[in-house]
Structures are given as C-alpha cells and as structure tokens.
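The first chain written gets the first letter, and so on, giving A, B, C and D; residue counts start at 1 in each chain.
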Amino acid sequence: MKTVASGAAQTTAMLRTMLLIRAFEEKADELFALGRVHGTMHLSIGQEAVPVGVCAALRPDDYILSTHRGHGHCLAKGADVRRMMAEFLGKETGYCRGRGGSMHIADLGTGNLGANGIVGGGLPISTGVGLSIQLRQTDQVCVAFFGEGAAAEGAFHEALNLAAIWRLPVVYVCENNQYAMSMPARQALPVEGVAQRAAAYAMPGVTVDGMDVLAVHAAAAEAVARARAGCGPSLLECVTYRYKGHSKSDRQRYRSREEVETWRRRDPIAALRARLLAEGALSEADAAQLEAWARAAVAEAVRFAEASPEPDPGTLLDEVYA
Amino acid sequence: MKTVASGAAQTTAMLRTMLLIRAFEEKADELFALGRVHGTMHLSIGQEAVPVGVCAALRPDDYILSTHRGHGHCLAKGADVRRMMAEFLGKETGYCRGRGGSMHIADLGTGNLGANGIVGGGLPISTGVGLSIQLRQTDQVCVAFFGEGAAAEGAFHEALNLAAIWRLPVVYVCENNQYAMSMPARQALPVEGVAQRAAAYAMPGVTVDGMDVLAVHAAAAEAVARARAGCGPSLLECVTYRYKGHSKSDRQRYRSREEVETWRRRDPIAALRARLLAEGALSEADAAQLEAWARAAVAEAVRFAEASPEPDPGTLLDEVYA
Amino acid sequence: MSRELSYAEAVREALRQALRGDDRVLLLGEDIGVYGGAFGVTDGLLEEFGPARVRDTPISEAAITGCAIGAALTGLRPVVEIQFMDFITLAMEQLVLQAAKVRFMFGGRAAVPMVVRTPAGSGTGAAAQHSESLEAWFAHVPGLKVVAPTTPADAKGLLLASIADDNPVIFVEHKLLYRTRGPVPEEPLPVPLGRADVKRAGTDVTVVATGVMVPRALQAAEQLAAEGVSVEVVDPRTLRPLDAETILASVRKTGRVVVAYEAVKTLGIGAEIAALIAESDALFHLQAPIVRLAGAECPIPYNRTLERAAVPQVEDIADGVRRVLAA
Amino acid sequence: MSRELSYAEAVREALRQALRGDDRVLLLGEDIGVYGGAFGVTDGLLEEFGPARVRDTPISEAAITGCAIGAALTGLRPVVEIQFMDFITLAMEQLVLQAAKVRFMFGGRAAVPMVVRTPAGSGTGAAAQHSESLEAWFAHVPGLKVVAPTTPADAKGLLLASIADDNPVIFVEHKLLYRTRGPVPEEPLPVPLGRADVKRAGTDVTVVATGVMVPRALQAAEQLAAEGVSVEVVDPRTLRPLDAETILASVRKTGRVVVAYEAVKTLGIGAEIAALIAESDALFHLQAPIVRLAGAECPIPYNRTLERAAVPQVEDIADGVRRVLAA
C-alpha cells in the first residue's frame, strides 16, 4: 500500500490526529485512575487508524455517527479537544454542557451527530441521514461507525437493508476489534467477518487492515466517492484491536496478554511514524514535535476543562424540549 | 422433479391436506363475506404447497412456528379442522377458547407453537425452540415459517445469526409470495431472494418452486434431515403467490389481474392432481372423492363451531397468568 | 370555513397541508403509498406528492423510526406511520433512548422534529397483537410529547401542531374514531399542544376521558342528563404534557371524578390523572373516591363479547358516574 | 442458617441454587460467562455449570428474549440477563406482545416460565442510556410480573420465587444496591411474589418506596425519628401484582403518604400507588395530599451534581415527610 493520493502533508496530518487521539485517551485513562471522572468510558487506544483514515476521506459538511467508543471519531472529524475534555469532565463548557459525557459527545458543527451508548443505535439514524441527504439533494455523505459486536443487532440489518434499496449515500464502517466486551468475534459471527454480510444487501463489502491508516483511508475514499456519486452504500470492515479493557471494570479474562502484545507490535501510530521516517517525509525531530504538540494540546484541554464551571442544577430541565 | 421417496400414498395425503386447507379458507372467506366473523384474517389460497410440503417432512413431535397467514401450517401439522373453525368463529371449543382467533391459532398437541400477529415475531422464538431441543438432547426439529416481508425485520437477522452460531436444529422457511401487503418483494429486497441471505449466516440457502409440493417436500426433507443430524439450521425459500388480497380490506391496487391470473394457472393443487392422474396414482373418481371429503370435513367443522358455546365473559381473566 | 370531515379525512388533510406548505415534511411508513395505509388515512397522497415524500418502507419499524430521527436531525420534518400501535414495541429503543434523549444528551444543541402517527385501540376483532393502547408508556418519557385527538377537528389541528413542533411527538389515532365525522376548518389552523378541552360542561361529576372513551363519555353524559345529572367531560387531548390545571379546576368544581381510558387500568394514563388530583389541593374537594374505568387486566381477546367486556362501554361509564355520585 | 451477603452475591446464590436444583434452568445473556456479567453477578457460574447452561450471547436483546420464550414454551426455565435495563427497549415486542400474551392468546394452553433479570437505575455516571428505570412500563402489562428487591434477602428469595413461577417475570435489580450487605438464608427459600414488606413500622407517615428509595427512606426515617417523627416504610417488592392491601392498611393508619421512586414521576409506579389510594376508602383517611417524590422530568444527565439532582436523595425524602406532616 503506498501513500496514494494522500500526499505527505495529508499523511502527516493523519499522524498528528492519531497522536492527538492517543494523547487524549491516555490522559482520560489517567484522570479516571485518579478518580477524577464520575462515569464510564471506552478507550479506543490501538484503533486510531480507523477514525483517522475514514474521516480524512470526508468533507467538513459530511456527517458521522459514532459509538460508545467514540473519542477517536470525534477528534478525527475535527472536534475541539478542549470542549471534548470539558464534556468528559462533565463541565458546562463541554460539547453537551456536561449532560452527555464520554458516551454521548456530539459536535454538530463538524457533522458529528453523536456518540451512542446503545450498540447499533446509530445505524438506523445514519440511514435516515442518508435519506435526508438524498431528499435534500446535496452531495454529502454519512459515515456510520459500529463495532463488530453491533452486527448481531437487528438494527444493523434493518439499517443496511433500507440504505441498500434506497441507494443512500452512507458508508457503514465496522471497527472489528475482535471483541464485543468479552465476546470474541469468531464466536459471535458465523462468517469470517462482517464484510461477508455486505452481499446480503447487494452492497460492496471490503475488508481492510485497520492498523494501517493509509489502507483505511484508501478504502474509505473509494466508498465515500461511490456514495457521493449516487452509487449507494458500502460496508467497510477495518480489522483492528483495542489495547485496553472494554471499559474500566474489565478484568480481561477473555484474552491473553500475549494476544494483546502481538497486536501492540502492529501499533498503527508507530507504523505510520516509521513509514514517514523511512520515506523521509518526516524527521525524528518533526515526529517528536508532533508528539509534544498532542500532549500539550491535551494538557491545555485539561486546564480549560478544569477551569470551566459545573452545570447549574437549576438548569436541569432546560434542554428536555426544544 | 420426481415423486422421490414420498411414494404415492404420501403424495395423495399431501393432495388431501392441500384440499382441506383450500376448502377451509374458501369457507372462511365465505363466512367473512356473510358477516359472520368479527375480526380479520389472512388467506393463503394459492400457497398450500408450502405448508404441506414442509410439514410432510416433519414428525409429529417436531415443532412449527407459524405466521399471520397460518391456516395452512396449522392443518398441515395435523390440527383438527373443527377446533380450528371454532377458534376462527371465536368459540369456547376453539384451540384458544376463542381468545386468539385466526391470527393466534396454536395447537400445542401437534407441535404448532402458534400463529403470530407480528411479522417476524415467531423467528426469535423458533431459535429458542431450537436451543431447547439442543439442550434437552432430543432429535426434534423446529420449522419457522415467515413471509419474505419479514426478512426486513431485525428479528430475522438476530434469530438466524444465533441459530447459526449455535448450530441449532431449526429450518427457516420463507414463503415468498411476492408481496408484503402492498410492498413488492423486488422493491423491499436488494437481493434477488431471501435465500441469498443465507450466506450471511453461513447456512445453506435453497430456493424452490413453492407451487410444486413435491419440490418443496424434497428440499424441506433435506433441510430437516440436516437439522436432525445436528448439522445446524437452513434457510429454505419457497416461491409462491397468494391469490386473495392481503386481508379483507385490500383493494389490490399494487398488482394486476393478469399477474394474478398467470399465477393461478400454476395452481399447486391442480398441478398435483393432474400429475397424480397422469401417473395413474389417482383416478378422477378418487380425486373427486378427496375434494368432497375436504368440503364435508369443513362443513362439519362449521356445524361443530356453530353449535359450540361462546366463551363466558366471566372467565375473561382466567388465562392471563399460569 | 368549516365542513364535515371524518377523523381519517381530517388527519389526511393535515398531512396534505403540511406536505404542501413545507418541503421538509415527508411521510414514511408501511403501505402508505398505493395502498393508502392500513386504515386508508394516506389515500391519495402518493399521487400528489410522489414516492420520495410519501415513502413506502419495508417492514422495519425500528429502522423507519431511526430514519425519521436521522432526517429530523439534519433538517427535515418526517412523519412516520406505524401501522398498528402494537408494532411500536419494535421501535422503543429508537424512540425512547434516541429520539427522546438526543436533545438533552447533546446539551440542547440538537432538535428532533418528528411525528409518529399510529392507530391504537381495540374493538375491531383484531385480538391481542393488534389492539394495543400503549400511550402511557410514552407519557412516562421526558423528551416526548404524546397527543391523542378524539374529534376530526382536533385530529387535524393537533396533527398540524405536532408536525410544527420541534420535538418528537407520538400521535395516537383511534381506529374506531376514523369514521366518526365532525366539522373541521379548511384552513391549516394548529390546535396548541398541552391544552385540555372541556368537551361538555357540567357541574355534578367530572369525567376525564381519553381516546374512544371521550365519545362514550359524551353519550353517557347525555343519558345521565335525562336522569338530571350534569356531567362535565374533560378531554386532555395531549397526554404529555398533561394540562393538569384544566382537570383540577373541573375537579374543584364538581368534587366527583371518573377517569375513563381504554388502556389497561394499572399505570394507564388515568393513574397519573388520579395521582395528580391526589397530590393537589383538589383532593380536599373530593366528595367520593376517584373512580377509574379502564381496560381489564388482560390482553385484548378475539371473541367479540369478551373484547367488549375488556374495555369500558357507554353503560360502564354511566354506571361509574352513578357510583361516584352514590358514594 | 443465615449469613451476610451482598445483594449481588444473593442474586448469584439464587441462580446457583436454581441451576443446581433444576436441570431446566439455564442462563442467557451478554458477557455472563467468563466476564461474569457487567456487574459481576454471574461470576463463577460458567465454571460450575458450563457454557451450555450459562450461555454467552451476541448482542441481540430481542432474539435472546425470544430464545427464552421458545425455551420456556418447550419445557425449560430460562433466566435472561439484559445488561442494562435501558437495553430492554430492544426486546419490548418479544416481552410484551409475545411472552406476556402467549398464554392468554392460546386460551391458557401454554405457559412461559422465564425470568428477565436486569440492572436499573442511575447514580453511576453512566448517563441517559445506561440509567433507566422502566419498571412502570412492565407493571402496565397483564401477563407479566414485575419484581424489584431492595435487600439481599429479598433479592435471593424473590429470584427463587420468580424462577419457580410459571409466568414471565421482569426482575429489576438496582445497580447501587449490588454492594449493599445483609443477612441471607443459606437455604433456597423463596419469598412469595405479590407481598409487600413493611421495612420499618411507624405511625405518623407512610413512605411507600421502591428500589434504591427504600434504603434512602429508611435513612430518612432514622433522621426523622430523632425529630420525633415515626415513619412507616412500605416496600412493595413486587410491582405487578401490587400488594394494595398492605399499602392501604398503612395509609389508613397514618393518614399521610409519601411515595418515593426513582423513575420519572409522571406515570412511574407511584402514580398507580397514589391512584390506588385515591380510589379506595383510604382516601378519607388522608390528612394531607399525597406527596410523590420521583425522578425529574428529564433523561439522566452525566454530570454528577445534575445526576444527583435528578432523583430523590435522603434529604428530599426527609423534606417530603416534613411537608406531608405540615400540610
């Protein structure tokens, strides 16, 4: 897989975003461990290539629907890390004014229609976004992210079926990270991968190495172009891995340390970094600078969030109805 | 397609059952027109080959789950036409003591776990029956009937997925009668037929002429044998047609008279009759006798039902809890 | 200008006027196109507005609902028809966890202007899976509005208001009312959500009735008038938010209350109405315990006699009023 | 013989004893095997009973529930875990239109002995889609039973009774109670369904509380005792069928009622409790309007302060009691 149309600048931007996501989540993990977070969260550390590769193929006015494991999607679509962190910490300056938290961050300004606490819950909605695009006759595209575990939900089936018969501009991106909580994909799926199901909806089904951001990007670009051209939906399966537990309470008894280690050796950030260095597109100093930038941006986000006010309980009922 | 293992006696029995179903439903139609039925009903006239061909492949202790269009399934599995008619007319002697009506007839004695008013509603239940068979380690089989319209429901997907990963002894029989109410199958399905979806569950998917009872029977026998042998579920699609409207209020604006006529010319009962005559397995007199028997059985069922008492409103709450 | 329309025609007229007046409105549902809807409500709309805006869908209640949410989030105003209220059970996650909550969860930065129309109720011999009255579930859900018109005029005006509303609205139509007729203004005049209507003024007893119980209560009131009893019939019309003030004012006046609803008695809408009274000062005006008349604690049976016995009839309401007067 | 267990351990013990005692019992759910369940309730059961009877499922709430129905109809006694009560919204059709109605629709000729266990409630910072309290929906459905234990002993005994029951039972566990401890008998002794429990006897005010409001009410009662107020705390334990008699007897005695529940106030279980009182003779014993303390009319927010503000706390209950005494 070569750097295709992307160009070195875009590739470097991808590395930057992946570093930002990683830094955000490592900080989130740390804050959680320090007891500074009330709630739960799902880290996508190890999976950064998927949101970044996919979102790099999108325009600012394109839409995404995200999942419970959505920090990466949100940042990759262009969210402000400060307002994300503020939301994570439940502050009034957060994207959802502290009402949503990690599992519900949305940034309508960048077309992110929200993370979702319900597995598969965003899939029917994404089909509706596709329908809306078609009816409004814009050439926008909608990407729906979901985990391979969601492919067992009825919502997956209904959503893809409607998108297929109506030829809607939606790209369904499956982040197959091998597990749904403790359930191994090989035990939950009678077929090899989720992409095998695309044929049931007469849509293209592509499987790609989800640890290779450029491969993800190339495949996503093709599916997005199809959708934008009015040729209908696609299913793109990105094979990846989450390094951390499912959520904070996970003892990870369903997998071995060796398995995790094997995948860590294929780290998408390290791989891209190495490649850019090898290609001469980046120097060690550039890389270090990017890393420092990401950490600094996250540190600044934490400062911003911590300095922000808590929501006022007197406003509890303000946002229930429009 | 030849008469395979069935033998002339079994084939004649199939004709008999098809005639009984036809006679039952023509009478139901007539009673409805006379205003003697309070409620709705869904006639399967034209589709008789499917329940009869499938159920002929089952043992008495096998299970079926039926649909809103379930008269044929019920009779084919061995129900007493008198108690069916009594249920249809809402009588205390009916299978459901008049509580269920056409859409909910069940006959647990013959393994019919019930018609269902919810499209796709029986599919998850059938998977559970398969699970129960597997856990109880009997060699029973469960057949789940459903219309092609139900293949758009999430329940279809979830049910088949679970049956596949657990290798349950369930045969999913799709009665593709071309329409779901007014929705043509070609408009609701992005693929050619429902059987095309079997691959998404790594199970065999077979399409068969649903107007040919022997073809249905042969295909069903194979799927049932697989299930009984512990080789897991199958999806069998029977291509058929309903001659009558969806239910009583249907003006049938979604199809042409010519289309209906074309299908009527392939009538499954007429075809089997002609074939048995041609093979010399049946004489015209035999055939006429079978027809008369069916009409007489239904007439007797109407007498039985009409002589039966209405349920007592004082018993309204008796069957809510066990 | 007003003329007589049936309730079904009134709903259709509201849909037609909304579709004509606002490009963002679209209809989604099973068999709403050439079939005209299971109860004929959308008859003729496909011909006028075409298959893109009057969109027949496969049998996928959850995804249809999700489609409406996605469309509403991105600038459209979808109106979904769920063929029978029973089938809304398949869309609960999308309606309750998504549509109702999105705005709140996103800190007020999104709106979900959509309507789910659905026919409810028993009386047609359709048995337990085609006769549900589930409005109380939705009235329990912040973020949703629940509307249940009982006259053609209310059907039209409340539907127009629901489509114009920026929140998800569950619009409950009653099958037995579709053919009832009444005057309906020709103009697209919304009837505001959240306001009860005193369908008949009276002084001795308040009957708070919803759905098909409203015409039944009016009939009972007519009978009782002959007995010299003056019954006030209050129709909440919107079940969430409930217009508690109109109900309580009537109770303070009459001191006697019958609540009539078709849904199962336990935790049906009348439970909330009784509770509202019991937690207000109106309690001290009560001269008799509240009488709730509602659906029996069973699924709806098929047999016609059993089916009738399972929900309050005119005579049950009249008896209930007599009972509350005698207490 | 009794020893201290946590509520989670008590549930686990009931499951273990049921699995040991009856071959027909099986567990189905997401991550109930090696993971031990999202809240650790089924920890260790896979090891003892193997993957056939402690069956991890894919994420398919509707089909898991359907599997239980099919298994129950053919001789087994399945116990399903729905990981969070919110997700039960995906199984409403199977639970309400199928499980609850099959017996009635089939004229009493079938039974559906199954249990759906599910953790409910807020307080964990899990926000709007992981904090639902939806028990009132199910209490509105004939054919279902609804159980909501609040102590370890009740959790064990009621779960055993639910598994032994021949009807579909929704068994609501509360996340915040999982770690609370109390004495639990070692023997597999069922606690009968349908009977309320007076968790504290008193004479001045009745507090009818459910779920996590029971320990909060007991704490409030303790505080109020210091002020010389004698509070009776009634825990219905089973929400369908409700033990109206025990509640009404307490109301007749005290004449003052606070109903405390976590679910959204409108049409939560307390609506039915208030209505039951208002339609009974107990109404005439009321010396003050009923006070309902319940969840705010909004989804559960993420922020901890907002989350606390959205549901009644100990001090709110104490204030409610003072209010009902002052009226």
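Everything below uses one rule, namely that a contact is a pair of C-beta atoms (placed from the backbone, for glycine too) under 8 Å apart; a residue touches a chain by one contact, two chains touch by 3 or more.
What you are looking at is a predicted structure, and each value in this text was computed from that prediction instead of being measured.
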Quiz item: So which chains are sitting against chain B and chain C at once?
Solution: A, D
Quiz prompt | chain A-chain B separation of Cα centroids, rounded to whole Å | solution = 46
Exercise. Mind checking the centre-to-centre distance between chain A and chain D? Centres are C-alpha means, answer in whole Å.
Key: 36
Exercise. Determine the centre-to-centre distance between chain A and chain C, using the mean Cα coordinates as centres, and give it in whole Å.
Key: 41
Quiz item: So which bits of chain C are touching at least two other chains?
Solution: 57-58, 60, 62-63, 86-87, 90, 93, 97, 104-105, 127-129, 142-143, 296-299, 301
Practice problem: Spell out, as numbers or ranges, the residues of chain A touching 2 or more other chains. | Solution: 96, 98-100, 104, 116-118, 121, 152-155, 158, 161, 165, 187-188, 319-320
Quiz item: For the protein chains shown, what form does their contact graph take: line, ring, star, complete or other?
Solution: complete
Quiz prompt | Residue numbers on chain C that touch chain B, as the complex places them | solution = 30-31, 33-35, 38, 56-63, 86-87, 90, 124-130, 296-299, 301-307, 309-310
Quiz item: Which bits of chain B are touching chain C when the two form their complex?
Solution: 37-40, 90-91, 96, 98-101, 103-104, 116-121, 149-150, 152-154, 180-183, 187-188, 249-251, 253-254, 310-311, 313, 316-317, 319-320
Quiz prompt | Footprint of chain A on chain C - complex, ascending | solution = 26, 52-53, 57-58, 60, 62-76, 78, 93-94, 97-98, 102-111, 113, 142-143, 145, 166-167
Quiz item: In the complex of these two chains, what residues of chain B are touching chain A?
Solution: 152-158, 161, 164-165, 187-191, 196-197, 199-203
Quiz prompt | Touch list for chain C against partner chain D, complex | solution = 86-87, 89-90, 92-93, 96-97, 100-101, 104-105, 127-129, 132, 136-137, 139-143, 240, 242, 263-264, 266-272, 274-275, 277-281, 283-284, 286, 289-292, 296-299, 301
